[in-house]
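What follows is a group of structures, each given as structure tokens.
In the two complexes that follow, chain A is the common piece, with chain B as its partner first and chain C second.
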Partner chain A sequence: MSPNRKFALSYSYYPGCSLHASAKEYDVSTKGVFNALRIGLKEVPDWFCCGATPAHNVDELLSLALCAKNLSLAGKVEGDLAVACAACFSRLKTTQHRLKENDIKRKQVETAIDGPVPLGKKVKHLLEILAKDFGLDKLEGAVQKPLTGLKIACYYGCLLTRPPEVPELDDCEAPTIMENVIKAVGGEPVAWSHRLECCGANFTLSRPGVILKLSNEILASAKDAGADCIMVACPLCHGNLDIRQEEIEQATGRRYGMPVFYITQLVGLACGVSPLRLGLESMIVSPAALLREKNLL
Partner chain B sequence: MSRIGVFICHCGENISRTVDVERVAQVTARLPGVAIALDYKYMCSDPGQNLLKKAVAEHKLDGVVVAACSPRMHEKTFRNAARAAGLNPFLCEMANIREHCSWVHEDREEATAKAIDIVKFTVSRVKKDRALAPITVPITKRALVIGGGIAGIQAALDIADAGHQVVLVEREPSIGGHMAQLSETFPTLDCSQCIMTPKMVDVANHPNIKLYTWSEIEEVSGYIGNFQVTVRRKARSVDEDKCTGCGVCMAKCPQKKIDNAFDRNLGTRPAIYVPFPQAVPNTPVIDRDNCTRFKTGKCGVCEKVCGPGAIDYGQQDQLIVEPVGAIVVASGFDLYNIGPKPADSPYEGYGEFGYGAIPDVIDGLTFERLASASGPTGGKILRPSDGKEPKQVVFIQCVGSRAREKGISYCSKICCMYTAKHTMLYKHKIHDGQAYVFFMDARTPGKNYDEFWRRAVEEEEAVYIRGMVSRLYQKGDKVVVMGSDVLVGVQVEIEADLVVLATAVQARTGADLLAQKLGISYDRYNFYSEAHAKLKPVECATAGIYLAGACQGPKDIPDTVSQASAAAAKVMTLFAKDQLEREPIVARVNERNCAGCLACKKVCPYGAVEEKEIRDRNGNLIKTVAYVNPGVCGGCGTCQATCPSKSVELDGYTDEQIMAMIEAL
Partner chain C sequence: MKNAKMHLSTETMNLGFVKKVEALSGSSVRRCFQCGKCSAGCPMRSFMEHPPNRIVRLLQLGQWERVLAGRSIWYCASCETCSTRCPNKVDLAAIMDALRKLSWDAAGPSKESYVQLANRLFMENIRTYGRQYEMRLAAVFNMKSGQFLKDLMLGPKLITKGKLKMFHAKNQNVGEIERIFSRIEEMRKKGEAP
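Presenting the complex of A and B:
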């Protein structure tokens, strides 16, 4: 199989389960942006769950094998592997890192999936593709409707840059890649304190109280820093900050009304992708009023 | 026929466990030219050495092979024994059957065969050894001390008090080093300035000390007893002889907004300045990078106001060559930088602490300046951001230290003590304030040290929290400290007014470059290496160079002063002799064969090869040949390998000897 040859840049694409379910708008907007920027994207056939957070808590071999099998499927599609979800990104990179340094584990996993693991296949987060491969200059050139006046709290969460030796995306404690992308499309990143804190992740199901505390701190910190909205690159963070926002407001009595965008939604808006192809309607906290105020709709 | 004695050591069991020493003795006894071969449990012991001496006399030996450990360990011991028995010591050679054989092999048969081979070829070598006489070189009885902190000051004063000339070189405008920046010192809380400045004045007034401040080491050549050191005296732009130190120039300088590095950039200073009021010498220097006169040519106020006319804008750097016999390196340390990574630093800094971007997050040395009576706040502890008195201060230990992932795995040794001191100084000045300390371990070995730390906890009410801090961030006018208390097993969050980081002690930036000039070795952290961790803690492997203070590794003041005095004692020991004996393992030129191509001169790493003119009795030049200065020759043999006509050879390692050793196998 070969990716679409009419594009200078093209990638194999691993959406991950969320992007086919709760985070459909991330998938839709990713495709929208890549299409607008003329970057090829070819979904890996027959991909399945990377194991996310549950698998590696239960059985390391299982968690490695799930990712290894997906990597092996991705190996059949040309181009570096583009990943949207921060958790999938982290798991796939962790698997490569772990198997590179440990021969015994690698052999076990190869036995389990009945084939070699393509450890050389480059796994890249969308951010990396936009900021580095496509390039900030070109991105700036592709802007049709700059996000002027939109104050954005860029939220990395815990997985995108950590642990330091795995993602190789940016400085693990003081990254700037999201802010750079936002500046390139004309937005105003705010300086705030909770860019790298944990939102509570999948405690959202087992111990929602944890989310109320942790995600509240993130929303409060963004609000206090003067942000109009938050930008994320992870479906789990999105779920906690967007879907749970009303619940948090009820619990704390503080009103945030803070839309939570995926990075591709904001970049898409700026690059002239039709709002209908960005899944804005799926957001629980509606961005309509904010975007109208800033003349972006 | 030679009469060689072979002495095989068991080294307890170190050798005999793997090597059949009796068999080595039996086999080597039958070698041509060997008069006697015997083995003994400890050849280096008194009875062992006596065995050797007796055999030399009884068998009229003309050469000795001791098959034992490395020559680095005991060559001297056995050569002395040979000398005592009336044999030229350079006819005694070691055959290393321990490090090169028994320690690295397991198979007894093979190890024994190898030991026999080693003894065999050493016997062949000894047969061709020449009797050599030690080389004596004169000693220049002057010492160079590099660095004018407490280590350099102490070493300089000790050597000078013993009656020897000392050249003290300091790269800053004043001596004093880090100690002059401290407020009080542990474990007695005496004022650092009060105990330091008298010593600084002693240095300035000492008739035997020549002080070069604002100066750096440019080049070092020569060898023990005979170093030539080129010192670069950076242009001060002020004539030291004319300047009276009145300070009018500093008061009138219109450019006063330059960060004062001595005060850790908390205050400012003029472009013409002394780093601090008690500076020695009290002669200002013009900071040319920031001086309006040097930047635009449009000032000159200091020149106008200077009564004695000491200002000299045209001054140039001066290079001065100082002959010295010994060098004490006391170049000190730097602190780990938590800010953005400087280009010349191997360490990344602390992103989780905001890379030093939060104004009220400071390091320990900055806190010293805040607490110091001569500091920018006059000794009031006020935080940098808004000048308010901090009511909650969090101290964090081990920032950079003991953190392999941040590049440093060693303990910086002084931080536990100075952090305890900081909590006390804070409590003494702000009675209603609360100090918290995050620590991994409290390491307080030292006289009265643990008592001092306990006092901070038990009497001065510092709250010690065992655990590390994961993150610092600004929230309003507070700094939020997120950490863990691992003893209780909870997460801790403190909203602090000021955070003080006990940053790691690291080698001076550029320490490696100075080491390369001096030809001394340094470790992976650029700390200078002592010759032996336990038994030669102040000597460098390079003869005639000694270490003092934190340039060798993190040290507190008492340890630094002890080591400085020890280094000074070593220098005095060297200076107690008039002549220095050196091993005569040096290269010799066969002047008859030498064609004078001087290829050897080009390759000699020591600069030991000179040109020598050979003249007849009427003074007519016959030819020019190479000459090796035995005082400078390092005995490496590079010339021997290079010489196209085989006219230069290293004594003890001649081509003839090496060939004989190979043939013996």
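Presenting the complex of A and C:
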């Protein structure tokens, strides 16, 4: 009997490298929320790195082969594939998209991984699972502590919506899926200008100066729009906005003090998951004062 | 130089290189009509010596050596804004990938070494461990780039938060990744893959 049979919805799960280290609170809170909502989640055994940006930057075939290998491993676990990281999500879906369209590339990749690529395995971002599969109505019903009065800047970044034919998640220039989830759990999404701008992504390693400019613009835009905090769905965006925030403040002289939550942390908080199971203590910019002020802690 | 004329012909345009880029990227280079929308939306524009639309124009005019020697292609963040908004369906993000691959394979001259170093270490990590170990990646990058003090203040902060781990859950099947790398190398040797 499948271990997930007791759940109406259950998924195979690809956490990706960051969720086992710098973004461990995203992993912890994902499991916390899914458990609270009675959604099954089973990690794909022995998954590999998806190759992220560096692989496709210099070697498309390798990048496609790494993702194809992961899809093939995921094929052995029941349920659609739930992905938390926006970059892994984008790479896995790009691979399916390119290989469906191009037989030559598909054959090269099949040779590289020595097996077929499960192009039919559905790859879904957590946002999609919460908003569409589980559904906004049920999510609203699961709320125990609405995020009343919490002004949230929903930040999509690049890869959740672009290029539109790959993620097939929402409108690429005017998405609403994050705002809809936040409204369902009682929060207040703010209107702001930089929800789809790039944070600087993996230049955080090679050229951190890029992050100081791009992520500063995002923080400034959120602050100017009156947001109390930012919500993200990508570990790289989180690293740049949260871990580098103090450095950005020192470089620009502007104080933000802006907690950066993962979507699963905020949904979890609203659905009554214990803060201990949401990894709030791992955030570099502490959310404690803000959450106490809003009576959420 | 005032009266120097630029001669355009199929020879000077070096269509061979353009076709190589088109084959690798799966996108047309020649279809670009220089509206400039890609550059208008590019978040990395201010870090590049050639804005994205000019890169395409240089390719169209056979000036690819200038493109590969510059730093612009390495400063593309792969945010996909250009490809999403192009009115003529030029997939510039894919063209950038193709240009980087051509420059990478040729080990050609480029002004941007840090991004290439980071990419190389990232790929070596995958080949050795099957996964990315961020702490190792950052430490080796600092050593090899000679920036021993880079992000020194971040280290302790991340370690106290448990965000940098010395030990990771290991992939038990890491030999499989080496086989993928070698099969690809094998295909390339035989000329069966780009």
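We take it that the second predicted complex is superposed on the first by the 294 of 297 C-alpha atoms of A that agree within 3 Å, B and C clash if a C-alpha of one lies under 4 Å from a C-alpha of the other, contacts with A are read in each partner's own complex, and residues count from 1 in each chain.
Methods note: a residue touches a chain if its C-beta (ideal position, glycine included) is under 8 Å from a C-beta of that chain, and two chains touch if they have at least 3 such contacts.
Since the model is a prediction, treat every value here as computed from it, not as a measurement.
When both complexes are overlaid on chain A, chain B and chain C end up clashing with each other. In the superposition on chain A, A:164 makes contact with both chain B and chain C.
Looking at the shared chain after the overlay, A:174 reaches chain B, while chain C stays out of its contact range. Look at A:8: by the touch rule set out above, it reaches neither chain B nor chain C.
In the superposed pair of complexes, A:193 makes contact with chain B only, with no contact to chain C. Contacts of A:102 after superposition: chain C is touched, whereas chain B is not reached.
Note on chain A: of its two partners chain C and chain B, the one contacting more of its residues is C.
Chain A uses residues 164, 172-173 to touch chain B in one structure and chain C in the other. Chain A contributes residues 164, 171-174, 193-194, 196, 221 to its touches with chain B in the complex. Chain B makes touch with chain A in their complex at residues 350-352, 354-355, 405, 471, 473-475, 480.
Listing the residues of chain C that touch chain A in their complex gives 24, 26, 43-44, 46-47, 75, 77-81, 83-84, 91, 93, 96-98, 100-101, 104, 114-115, 117-119, 122-123, 125-126, 130-135, 137-138, 141, 150-151, 153-154, 157-158, 161-165, 168-169, 171-173, 176-177, 179-181, 183-184, 187, 192-194.
Considering their complex, residues 17-18, 20-24, 46-49, 51-62, 65-66, 69, 98, 102, 108, 111-114, 158-159, 162-164, 172-173, 197-198, 200-203, 205-208, 210, 213-214, 243-244, 247, 281-284 of chain A touch chain C.
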